[in-house]
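For clarity, chains are labelled A, B and C in written order, and residue numbers in each chain start from 1.
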Amino acid sequence: MNAHLQTSRVSAALERTGAWLLAFLWVLPLAYALWAAIHPSAYSAHFTLNAPLTLENFVKAWNAAPFARYFMNTFMLVTMILTAQLVLCTLAAYAFARFKFYGRELAFVLVLLQLMIMPDVLIVENYRTMTAAGIVDTIPAIGLPYMASAFGIFLLRQTFKTVPSELDEAARVEGAGPLQVLLKLYVPLAKPIYIAYGLVSISYHWNNFLWPLIITNSVSTRPLTVGLQIFASSDQGIDWSLIAAATLMTSAPLLTAFLLFQRQFVQSFMRAGIR
Amino acid sequence: MKWLSSLVGMAILALASTAMAADVELSFYYPVAVGGPITKTIDGYAADFEKENPGIKIKAIYAGTYQDTLVKALTAFKSGEPPDVAVLLSTDMFTLIDEDAVMPFDPLLQSDADKAWAKSFYPAFMENSQTGGKTWGIPFQRSTIVMYWNKDAFKAAGLNPDKAPDNWDELVAYGQKLTKRDGSNVSQWGVEIPSTGFPYWLFQGLTTANGVRLMNDAGTETYFDKATVIEALQYWVDLSRKEKIQPTGTIEWGTTPKDFFERKTAIMWTTTGNLTNVKANAPFPFGVAMLPEHNGRGSPTGGGNFYLFKKMTAEKSAAAIKFVKWMTTPERAADWGIKTGYVAVRPDAWDTPALKQYVADFPAAAVARDQLKYAVAELSTHDNQRVTKALNDGLQAALNGTKTPEQAMKDAQQEATRILRSYK
Amino acid sequence: MGVEGDLFHEPSGEVGRLLPRSAGDAVAAASRRSNVVMSARWATNVNGWLLLLPSAVLLVTFTHYPAVATFIGSFFSTPKGARPAVFVGLDNYQAMIEDPIFWQALHNNIIYAVSTIPLTIVLALFMAVAVNAKLVGRSFMRLAFFTPTVLPMIAVANIWLFFYSPGYGLVDQVFSVFGVPAHNWLGDEHTALACLIVVAVWKDAGFFMIFYLAALQQISPNLSEAAALEGASRWYFFRRVTFPLLMPTTLFVLINAIINSFRLIDHIVVMTRGGPNNTTALLLYYIYEVGFKFWDTAFAATLTVVLLVLLAAMALGQFIFLDRRIHYQ
């Protein structure tokens, strides 16, 4: 018994050390970004305590590219996608959860197909579609392929199915139409799902790169990630201080949002029961 | 009803003609990430041009990197709204011709003065601008490869800090003195020739010095497996593997300047376009020299040309040629060179007072110009991206030791021949 | 809203009220009911499809149509200048089979997937267990693990580029303390792909941790207390109780990890561009290169077909597996 206790204590200590080490490793890139951003670029590879502090990198980075415009583009993009996703997925999930329509099973399988075959791998054909539609280099063109989301439909369908049908029927008896029932009954009950899904969607599209890179041409449409890449890839070589400053600036909103709401974030995942 | 439609038709005609009488607007695709000093310079030029040429408006579109700009310009062309003027890589010439997207300058240059203007540029720059007896591009922002060296490191190694290695043997000899080893670790390398992104370009700095060209003027043949090409690659590989004065494996283009600033390498090869950057960031005195010679001297040119896109009205193309001419006057070329570090594209630009003064203050700026007489065209063929990739892959394989230089170049040549067979 | 509400009104309530009251009415009611049921079914169909329609249109336009068009496009040549696309049969496939870079990219992608997926999952699970235990500073840990998820890959890839820089990069600086000589991490064919795998694991593990954490917190603490009283070791308990309970989460995470291993190439664009000598070219990166640098859309379509077949095969496998192992109601 004693030996047993000892091994379990040792293993617990190992686990603790491992966890700390891992956490340290994981935070390192961000820590480095902070270091490089607030020191002159001569110190971006030298970690001495007496390195002078400066905010000049932020100023330079901010002036070197129209980040304000990029911010706005990303903000519009993310808002547009999320709004569309929430509406469209809710409607579709409701159909799958509560309507026994003809072809439902097949339709559901076809929807789930998008879980695997995401728009990200269909760049060549989707680019052609956007060209044909004449909307290359517009913010809607970045968002359109993502607006109907199999993941969202799937999640919400699972949740809607857990709503007892007695509640549904009771509401109907009172004369509510399907859309009213959806709004008054299903949507409020699925709130944690909406939050969890929303957070995933926001961070996904805030950080999405390849498709926006391909489909955008100009400052007025380019999201932050693409702007950042163009900014970082110069013929003249890499200046990590500037890149670090730009990185921190561009991810600051998401980062602070997460810092502030991390508890709620995890809890909404838990309540969402995505597992 | 007929009278109505004809009335509408007349109205449209009237509208169209007033539109024509109004300003000619030229869309101008320029490869730069927006913001920063270069955008401001271009905007300034456009404004000055508009002031001097009322009736012509320049709509500058900043499209990102060269690669991005080419993609954007071609896409716009295919979707029916082509750019009018664009600055794109000189090596994109064949791609643009194959896509039937650009028109030659020649038909627009009828007067003697115009013809003289087309001949006023450095011949080295025109190599990538002409094919099949026609001029498809006008040089604007062009560069070559030069060698930067750290004078402190030279001094510490007992070398004359004011003299760069002048030939291949000297580069090896200097490199051996400059490479600092402690045990198995190397704290300072002799030389770095970057090999990611576009290793073929830097490789041309070696092949040209070895007296060999990589392709024909028509862009339909490559000569990667010539003995002299293989020899040049062998030299590059030997710098790492035999002489051990350069890191093994591929060397990242983007981090090479930082390696230089961090004293990880005493000599680096990179573009003249880096001059301003190095001047601002090197924490030690540095020198700039031409690439070392072997059986000759030489460097490839690089950078961007003006192109005129098809589908322009006669009025627009007249305005476009006016704009290109205005942008390449000696004064503008000098100003542009000083502001950006690109090589001023015509000899008479170097006689302007502004550039003379600049060179007097900063002699390193003239190295690229002096090297121009040895410069050759950057590798450019039909299906250019594919052919250069075949060469790049071979170079990287040889530098990594997975293929011998001979094998690597034979494979690359075979692939290039396969790609190019449909263009013969 | 009101108009739509009426439009969507489903008369299921009426069906309930129309039940026959006596045997005499039964026949008449039955015929009436079949009418009502018919129209109710019709309404269900219409409503169901109307609700689905917006999503369906977008899904068909941007997922199903392009998938099919890609397949068709793979049998045509690439249009160029004045030359239109012509039917070339299996020529593109022939070219692909003869293309060593395709095979290399496929090979790389398989190695990449086979290493990132298990590593990410194991680490995510470990992180979740660590953060779920009452460890000191667990909110810091949670933060540390999760931050990579909110940082854009494109930005952090540049930072990793610094870490891997030979000589003065962070990795070499740390290693030099232990006397390990500097190494050209990204420039060496033998280490480049491994470096990218590390970045991918770093980026995704924290995201998957959240799912495990959510699942762990729903396992009753009584279970582990009871097990502890029985004298079961933590590891035994984890292996026999916790892990099986986490099976649905593991499958969910697995799907996402697989997708990511074929979908995310941002770090390759920044760090290696597929080099040296294609040792870090993944399938999607090669597709991007062929499609948007070489402008060979037909060949890019052919490569995409391979990627789609791979993904579809895995989707199929999972459907079958999912059906047997877990019940999503």
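Convention: a contact is a pair of C-beta atoms (placed from the backbone, for glycine too) under 8 Å apart; a residue touches a chain by one contact, two chains touch by 3 or more.
Keep in mind that what you see is a predicted model, and the values were worked out from it rather than measured.
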Most widely separated chain from subunit A, with each centre as the mean of CA atoms | B
Between A-B and A-C, name the chain pair that shares the greater number of C-beta pairs in contact.
-> A-C
Per the centroid of Cα atoms for each chain, what is the distance between subunit A and subunit B, given in Å?
-> 39
For subunit A and subunit C, what's the span in angstrom between their mean Cα positions?
-> 13
Subunit B touches at least 2 other chains through residues 254-255, 258, 262
Find every residue in subunit A that makes contact with two or more other chains and list them.
-> 45, 233, 238, 240
Contacts with two or more other chains, residues of subunit C listed in rising order = 161, 165, 168, 292
Of all residues in subunit B, which touch subunit C in the complex?
-> 67, 71, 74, 95, 98-101, 183-187, 195-197, 247-252, 254-255, 258-259, 262, 264, 383, 385-386, 389, 392-394, 396-397, 399-400, 402
Across the complex, what residues on subunit B touch subunit A?
-> 33-36, 61-65, 68, 72, 75-76, 78-79, 253-258, 261-262, 270-271, 273-274, 276-277, 281, 283
Complex contact set, residues of subunit C against subunit A = 1, 4-10, 12-13, 16, 44-45, 47-49, 51-52, 54-59, 61-67, 69-70, 73, 123, 126-127, 129-131, 133, 135-137, 139-156, 158-163, 165, 168-170, 173, 202, 205-206, 210-215, 217-218, 231, 233-235, 246, 248-249, 252, 255, 259, 262-263, 265-266, 269-270, 284, 287-288, 291-292, 297, 300-301, 304, 307-308, 311-312, 314-315, 319, 328-329
Subunit B touches which residues of subunit A in the complex?
-> 41-42, 45, 63-66, 131, 134, 136-137, 217-219, 227, 230-231, 233-240
In the complex formed with subunit B, which residues of subunit C make contact?
-> 80-82, 101, 161, 165-168, 176, 179, 181-182, 184, 186-189, 272-273, 275-278, 289, 292-296
